[in-house]
Amino acid sequence: MLKDITIGQYFPGDSIIHKLDPRVKILIIALFITSLFFINSFYPYIFILLFISMVVKVASLPVKVILKGLKPLIFIILITFAINIFMTKGEVLFNIGPLTVTKEGLSTAVFMALRLIFLIVGTSLLTLTTSPIALTDGIEKLLSPFKKVGLPAHELAMMMTIALRFIPTLLEETDKIMKAQMARGADFESGNILNRAKNLVPLLVPLFINAFRRADELATAMEARCYRGGDHRTRLNDLKLDRKDIVIFTSMLVFFGLIISTRYM
Amino acid sequence: MNDVMIRLENVTYEYKSYIDDSILTAVNNVSLEVKKGEFLVILGHNGSGKSTMAKMMNGLILPTKGDIYVMGKNTKDEENIWEIRSKAGMVFQNPDNQLVATIVEEDVAFGPENLGIPPAEIRKRVDEALELVEMSEYKKHAPHLLSGGQKQRVAIAGILAMKPDCIIFDEPTAMLDPNGRLEVMNTIKKLNKEEGKTIILITHYMDEAVEADRIMVMSQGEIVLQGTPREVFSQVDRVKELGLDVPQVTELVYELRKEGIDIRNDVLNVEELVDILC
Amino acid sequence: MLIDIKDVNYIYSPGTPFEKKALDNINLQINEGDFIGLIGHTGSGKSTLVQHLNGLMKPTSGSVVVDGINTNEKGVSLKEVRQKVGLVFQYPEHQLFEETIYKDIAFGPKNLGLSDEEVDKRVRDAMEDVGLDFESLKDRSPFELSGGQKRRVAIAGVIAMKPKVLVLDEPTAGLDPNGRDEILNEIKKLYEKEGITIILVSHSMEDVAKLVNRILVMDKGKLVMDDKTREVFKRASELEKIGLGVPQITTFMRKFKEKGNDVRDDILTVEEAKEELMKYLRRKKDA
């Protein structure tokens, strides 16, 4: 059951988007998100949709995978929609019981729901086309200028890498301990919330103890492999911007700049 | 002098018990020389001080008394520590808990990255190391999907990429199945015989110890028995008394000799005994 | 008959690209008084089979009946099945969680809803069975113990459920020879004195040869051999073909016989080999 949880949703591929420098991708998505919050009318959404479909096409991502990414958040989208549709005052369209639906409400609700959907889809485009390790590298590099003001960019990236490395191991271990305790008559599936929480103790305690043991052993192994923090460290695959990265980034900068400027037209 | 890889001079390691604060001795006044290119096996039951000794040879912990020299450099000098760790690499028991990265080749690169090697050179070393342990085809794989033996070979590649002269193995096969054990042992033998690496192997398995140039048995922090595999295992009583196994054929010879059969006592494998008895 | 396994198949992730047949038409009966060795290399389906024995996994098709209870039937008490078939996983010390050894061993019996007196008695008995001193250890934290002792606490936690069948998945993994022999001796005692039916999953042919009276061999999800220990180890070349072996001493006797010497080749232990060779040498001397 635990094995069904997928971590990161990288969709491997060989497209130009997959190969783009992760820093460029992160910055483009940042631009994308910023522009979403600047848009105040419906028609710039056309360009957003255009951007999304272009990426999906070029990276040959199946639409199903993208819709799957929306599924867990559908509840939030619906709530946003509901709040906006009922709470906005204006020209009354019709009533449902005590609730009033206005023309402005309907328009705002659709607008906000679309914004949310685009937001989720846009971010998932980044994680779908970028492997976790490239993403971590990208974040480390982007944050490295802030090292001067005390931001531990390398350490954060290292922690992310180790977390990614150990999540599958710990999930497997959880499964194993769960089964071992079930073999001793433990019950994880019935009872009220309080009881269930209590029943988790035989699972969580060994899990934590083992995680600490692992952490200790890993730290020793890292030290034995000459790990001493981020200074003087080189990388196997050092990120380098090439012409393609720069051209794409510049054109995207213009593209989203234009979208943002629609607010002031 | 130049052919000494690691030298221990009257090394003692003491630590405080976390239960009642008493002082315990893990390693007691041990002196030892490991020659370059040697294949040394350290045997001993759990708690005999083997692992502590391994960690001291790599500078992970420092002796309470005495000195340890790796290629002539004292592990106590802080400026030597990175060189010592890259020259005397270490592979641990649990394959899961020594792999850092989410992709095999990134993990192998971890050591050289820490040493500040230029990327092109790292690439070369990673490819060579993976080739040596026969894991090249897995270089883009995620470590958690590999078998125990494969993970352990990746860990070995990670050490090889630092270009060590010596590799210390701390029970590398204890958690593996027979196939995994065989894979790892073959790799270790290859590194010793073909690459000329000095090997220090800590193990419980006597069938692995049989492969060594020299065996050292530890008990209660001291070296209690030393010699070639034949010299050590022919002392069946002593070895058993120390809580260790001998190969079944060696034990058979010992039993037959007790019954008055006159055969030599240093038999280590099936073929030898068949030849002797025929 | 304690456990009856009929036409059992188990398929992982059916209908996906990762589909894998882990158990392939298994038929097997486990009887009271069996001391079974289960061998096969990693991925052969051993672990999957073992988890079917106490209802942790249920067959995709076929049936597993434990002491009259069909684990696949709706509404059956899996707790009862798990009480009847105790399962000790690999590295069981990694599942300890209580503050004291007493409490940890009592976890299983308490889950069975037993009275405090009964729980107390079972904890005492189980600790004695695995060679742990009750008075001096009961209030200690299990985490202060050595690796081998921790493992015994974990095994005691399963024994305290008083199972009819005790399944141990590589109980000696990672232990030194002393620790291994101690655990194996305790298992042997449980079998001989308490009459518990035992299934020992092991990679060590030497240990299996010394202890068990029946061997199950798994390969690629199939049960390829099910016979008396001596009969199974006679089929050395078949075992080698699927990546398994026989004890070194068995190999030696076989090779010795192949050289034209008239000795038995179904030897399992050093003791047996010695007797057989002494007989042989005397015969040779007399002749």
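Order of writing sets the chain letters: A, B and C. Residues in each chain are counted from 1.
Everything below uses one rule, namely that contacts are C-beta pairs under 8 Å (C-beta built on N, C-alpha and C of every residue); 3 or more make two chains touch, one makes a residue touch a chain.
Computed from a predicted structure; not experimentally measured.
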| item | value |
| --- | --- |
| Overall pattern in which the protein chains touch one another (line/ring/star/complete/other) | complete |
| Centroid-based (C-alpha) most distant chain relative to chain B | A |
| Inter-chain centre distance, chain A versus chain B - centres from mean C-alpha coordinates, in Å | 43 |
| Whole-Å gap separating chain B and chain C, where each centre is the average of the chain's CA atoms | 30 |
| Chain A-touching residues of chain C, taken from the complex the two chains share | 51, 54, 56, 79, 82-83, 86-87, 89, 92, 94-97, 107-108, 111-112, 143, 157-158, 161 |
| Of all residues in chain C, those that touch chain B in their complex | 41-42, 144, 146-148, 173-179, 203, 206, 243-245, 247-249, 251-252, 255-256, 259, 261, 270-271, 273-274, 277-278, 281 |
| Contact footprint of chain A on chain B as seen in their complex | 55, 58, 60, 82, 85-86, 89-90, 92, 94, 96-103, 105-106, 109-119, 122-123, 126, 142-144, 158-159, 162 |
| Chain B partner contacts - residues on chain A that touch it in the complex | 132-133, 161-162, 164-165, 168-169, 172, 214, 217-218, 220-228, 232-238 |
| Of chain B, residues touching chain C in the complex | 19, 45-47, 93, 147-148, 174-175, 177-180, 204, 243-245, 247-249, 251-252, 255-256, 259, 261, 270-271, 273-274, 277-278 |
